[in-house]
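Next, two complexes with chain A in common: one pairs it with chain B, the other with chain C.
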Partner chain A sequence: MSIVTVQLGQCGNQIGFEVFDTLFSDSHSSQGLCSKRENEAYRASCKERFFNEEENGVPIARAVLVDMEPKVINQTLSKAAQSGRWKYGQHAYFCQKQGSGNNWAYGYSVHGPRHEESIMNLIQKEVEKCDSLSGFFIIMSMAGGTGSGIGAFVTQNLQDQYAHSLKMNQIIWPYGTGEVIVQNYNSILTLSHLYRSSDALLVHENDAVHKICAKLMNIKQISFSDINQVLAHQLGSVFQPVYCAEGSFHYRRNPLEGFKDPALYTSWLHPIHALNVWKTQRAFSKYEKSASLVSNSQFLVKPLDMIVGKAWNMFASKAYLHQYTKFGIEEEDFLDSFTLLEQVVASYYNL
Partner chain B sequence: MTQSVVVQVGQCGNQIGCCFWDLALREHAAVNQKGIYDEAISSFFRNVDTRVAGDSGSISKGKICSLKARAVLIDMEEGVVNEILQGPLRDVFDSKQLITDISGSGNNTGSGLGTFLLKVLEDEFPEVYRFVTSIYPSSEDDVITSPYNSILAMKELNEHADCVLPIDNQSLFDIISKIDLVVNSGKLDTTVKPKSLVISSAGALKKQQKKPFDAMNNIVANLLLNLTSSARFEGSLNMDLNEISMNLVPFPRLHYLVSSLTPLYTLADVNIPPRRLDQMFSDAFSKDHQLIRADPKHSLYLACALMVRGNVQISDLRRNIERLKPSLQFVSWNQEGWKTSLCSVPPVGHSHSLLALANNTCVKPTFVELRERFMRLYKKKAHLHHYLQVEGMEESCFTEAVSSLSALIQEYNQLDATKSMPVPDIPRLSIAV
Partner chain C sequence: MGRRRRLVDPAAEAGAGALPKVIAALSRSLPAGPSPEIFRRAKFDRPEAAPALWQLLFRLLSPRSADGASASLALEAQVCLVKSALRSQGYPRLVLAQLPEDGSRGSRELLLALSWLLARGPLPEQLLAQAHVQLGDEIPVCECEALASPGPRVPHVEAEGPVDIRCVQWLMGRLRFRWRCLIASQQEQCTLLSKIHLYTRGCHSDQRLGHLSVAETEMLRDPEGGQQLLRRLERENTGLEAALEWRRGELVFWRWMDTVLGACPPEAPAAATQPTFLPRIAERGLGRLELAARELRALQEELCEATGRRRAAWEARVGGQGRGPQWSSARQALQKAVEQELAALRWAWEQDRGPARPHGPHRLVRCEDEAPGGQHLRAAEVIQALRSQEACLEAALRRLQGQCRQELARLAGALPGLIWILPPRC
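So, the complex of A and B:
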């Protein structure tokens, strides 16, 4: 069963690259404690999920790259191609010239509809290459304009067009202080929309991953590349094949099925579990990881509460609203988002 | 990657523009080793095969043939533009890009025609952002009618510009003096790398920089380069021009940004340790590095952007924001009002650099002073007849202009009033679960 990945915006594309690279490296790395046969099954499973085989043997990632400006996509495509080990599809990307200006409204209401056909066509092409589609993995940030706005738009479209496939969104929670000034607005608009159309939201906070780099990995001058690699390792461990209940040698066919479990539904998986020697981990440890993730499901309520609070504070002064209303996102849309998220927060607190 | 058109108006505008194109060529030459016409260089230059006439000569990919600046040069007199066309930059412009007229307009071109153009651009290209670098007159300005020009121009800037970067000559002059002090300090072991001076021009303009304006204009040219670097070159956290406007303009008319550039030079001597990275951040918040005289630390920040170039990572950025935050006052609804960008390519001659853009109420005194100087003249109707003689100009233009400025000042006043108040506790929506 295969997963089609959609990487959106600078963040989504930078992380997407690291994820595929990690998945590829892991599937080709030492097998550790498992047997050779097991390892081969593992490798085959991983490959089927994330890569398409090409004629000359270089696997092609099952991915669609979307950005509203060309620099990051160009870099991502060439980094993959240069590695010589795997690459992205030659035509598997869509890009424009101008960016989304950190404006959720511009991403969602202007770029989304304008480029809907092109983007959905690309996704459709990827889906057709899969023997059987398990679902979509959408990588996006909340703070900017493309990942957040177009990400929300595309997820909604996927909900309409592929109602029976699972959609998991990897969202990057920005640093608490300043990457983007309007990040709180963009975040609440994104979350409220995704809440209605996504099946699972996998969250990574920049602050948390940053701490891992600083305290657990002792990196002195932490770059986004470091952060993205840690993130990719964590994601990789979640996505690599796991044994299903029936027993050994049968890898769980649908990698996203685990997330249908009601106990995990809409749970916000907390990333503060350092992966030490993730490469030698094969099947069993994946279960352990899943269990511990569930127990942390309430952990993101506090950051969510904080974002809603800051966004509300700014909204009360009406600052920056003109930037959104000029593209069709009105005060009422903001209020709807606030209402929905306050309900989520209240529900979690009542758990 | 966006492409931008530079519109240079009047003597001041064209002289600055000239420095800008010179530096832009140098910057792209340093990065673009293979001579391929790429996305970065297409931001400011067209690629043209000069052997082919007309529009069919333009080449969008491949080797660089002949670069033409995406510029429009406008002046009411021919002098300055002619000088550019006879100088080393002559091949960078073609004749269709120039607009000159023979009759002079007596010190009115930049402010008058320049701001008129803003309205025209807004009407013709409503979706394209308009960034304006304006040189504000100093109080010792020798043009008597400059207060009239400034107030009339301000009305247009208020209504038709997306973002204004005000600059004053005195600040530029102070920066030059500071650099002179270091360069000529006489210490044998302190040599400044010539290319790294924020006031130095590239090889093309080899003539002696005897006029102080050349050095000053280069500072502004550097500002424009750094403003657009993250849009042109790659980095781990890109920032395009439309993001500047989105993040730094919380209300449509409050779009005046105080800029600071650092470093102003790099020391060449290897025995002296390179200026610590953190020092660069501190400098950006020092008045010595601002391009306009103002006191942001004692006023209120509405928003602040840090555009970093070179070998600087996110942890360096965050550490410095945490360090500097306590000494700065941000408005209550934007306590973490920071927008940041990381561009991998440093400016020529430096390993890293920083441009800080602050939307801060400290610009208010500049506007108040402008209004005062205007009122002194206007009360006596001094020199007014020169303006009223021009068709389309009436006294109402003046009264509307000063009222527009007063409204702007009032908006800043209201924000300043919130400074000493405690952060309001705004009740959240209460939801029945």
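So, the complex of A and C:
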């Protein structure tokens, strides 16, 4: 079952590269503490999921790269090709020269429709190469113009065209003290649109990852490259093939038992239904033991509330609104987004 | 219960060994068939023969799809199911309903019930047809099978106290997710089938088929699988031969069943006056039917008149319009919509017609040329018919959703100060 990845904007493309690199390195790392047969099954599964086999043997990532300026895409394509171990498809990218100016409306209402056919064609080509399509993985940031605006547009199109496939969006939550002034507008517009067309939003907060780099890894000068690598590492461990939980636990003191505490879950859902455990014999990326936790919790309520609050304050004073209205995003659309996100916040508070 | 006519068949009177042979053949042609000894004991209503007969009836009456799960059902549950299934099919003898639930007694009555089922239709043949080994890639072209066998029965559980709506939402989401996974794997299956059919072109000895099916490919690829298939075919063969042997000698069985019936005590007189369970249209119902038919005819006339008037009025209004290039695309769209609706309507009407419509599973064969065979069904036609049915159902769904929304809005409007915000994803 294959996954087609769509990398959007500067953020999406840089992270996408790191993810594929991590996945490739992991699947080709030595033995991984399990039997040879196990290792081969793991490698074959990972390859089928994320890469396409070519005649000369260099795997090609099942990905489509989209950006409105050429610099990052060119860098990404060449980095991959230079490694010699895997690469992107020769024509699997779409880019323009002008950028989106950090304007969601420009990405969504101008770039999106204008380049819809080209982008969807590229995606269609990747889908046709898959024996069976598991779904789409869309990597984008929330705060900019390309990733957020075009990301929302493309996700909507995927919903229409591939209604039965699953779509997961990887969202990069901007720094609280970010540099883009209208990042809160972009964020709320992205989130409200994705709520309607995506199946799952996997969120990484820049602030949180930054803390990991600083405190856990003791990196002094944290660059985006460090952050992206941590991100890719986390994503890689989530995406690699695993088995469904079956059989009893081998070790007595299993930390996962702690997750079965009902206090962690809502009153209307029994822990048995809420907690799913997947295991694999094969170790990830040279670790002896590792665990990844993906949770749908109230963690994001505060940050979301904060972003909505800040966006609302800007909106109330009509700051920078003309940048959006001139590209077709009216105040109505903003209000709809606010309403929807307030609903989401309320549902999470009331769990 | 009717009694079979007494035919003096010299061949059937051949020796005392004929009866056990015929019963053994019957057993071999049925799933979980008990030994002739059980049948003999059942004639004398011996209790030890009852469980085997309950289990046989359970296998015959339970839905086909539940084979694996139902085999592990307790005897009491099987007894319950057999009783209710026989009752719903109209079994007339009340003695059966009064048998104890633990399945410990009543072997003679069960024997009578079995022969009642056998007398109603070609039961062994039907069961064999259901269990027929398919060598080709079979796909259904109609909904009948899916609708007829609703799957294993889910116990009806009353919710304890109010149900949290969030739980329901979560379950709905999970269901939707499962549906999508199912569709994805079906698409994968189709792609793989297509590949196999393409790659094995020219490999089949049967020219009409031309390529191998999955089962046939597997047989070549994996000898162990081929052995298993062979064993299944041999089992089916055995079943067929047993059914033939049963048919050749069944008169012996029926004559013997007459003696079994004779051995029963006469039914209590009160039982005879009980109404049978078969539905019957009451006398006054017939009058109502007449009335309904008259009303329908009157309605049809009215409709014809109304449409005639409408059409005349519309034509008068439109007059010479409807020509020219800007109309052609609109007209094309209209034509397409009308065609679709017509096809859907036809499909809906023809639901009750018999074998004229494509039915049941068909073998999937990839064909290059346009071989027009009477039994052949073109995939394009089936797809077209299913698409129009889908369009119909979707339109109906949208209509119902609209009605629901209006009703909700009306209810919300009745409460002052309540702002109604619809959920974003419908």
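Basically, the second predicted complex is superposed on the first by the 299 of 351 C-alpha atoms of A that agree within 3 Å, B and C clash if a C-alpha of one lies under 4 Å from a C-alpha of the other, contacts with A are read in each partner's own complex, and residues count from 1 in each chain.
Just so it is clear, a residue touches a chain if its C-beta (ideal position, glycine included) is under 8 Å from a C-beta of that chain, and two chains touch if they have at least 3 such contacts.
Because the structure is predicted, anything quoted here is derived from the model rather than measured.
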Combined model on chain A: chain C and chain B, fit or clash: fit
Partner chain in contact with A:Gly99 - chain B first, chain C second, else both or neither: first
Partner chain(s) touched by A:Thr177 [first = chain B, second = chain C, both, neither]: first
Partner chain(s) touched by A:Gln82 [first = chain B, second = chain C, both, neither]: neither
Partner chain in contact with A:Asn218 - chain B first, chain C second, else both or neither: neither
Which of chain B and chain C A:Asn56 touches, first, second, both or neither: neither
Dominant toucher of chain A (residue count), chain B or chain C: B
Contacts of A:Glu69 with chain B and chain C, given as first, second, both or neither: first
First (chain B), second (chain C), both or neither touched by A:Asn313: first
Partner chain in contact with A:Gln343 - chain B first, chain C second, else both or neither: both
A:Gln90 touches, of chain B and chain C: first, second, both or neither? neither
Minimal inter-chain CA distance - chain C and chain B, angstrom: 8
Intersection of chain A interface sets (partners chain B, chain C): 339, 343
Residues of chain A defined as touching chain B within the complex: 10, 14, 69-72, 74-75, 97-99, 101-103, 145, 175-182, 210, 214, 220-225, 227, 308-310, 312-314, 316-320, 322-323, 338-339, 342-343, 346-347, 350
Complex contact set, residues of chain C against chain A: 164, 166-167, 170, 177, 180, 183-185, 187-188, 191-192, 421, 424-425
Sites on chain A touched by chain C in the complex: 1, 131-135, 164-166, 195-196, 199, 266-269, 339-340, 343, 351
Complex contacts: residues of chain B adjacent to chain A: 1-3, 39, 233-234, 236-238, 240, 242-243, 245-252, 303, 313-316, 318, 321-322, 325, 332-334, 336-340, 342, 426, 428-431, 433
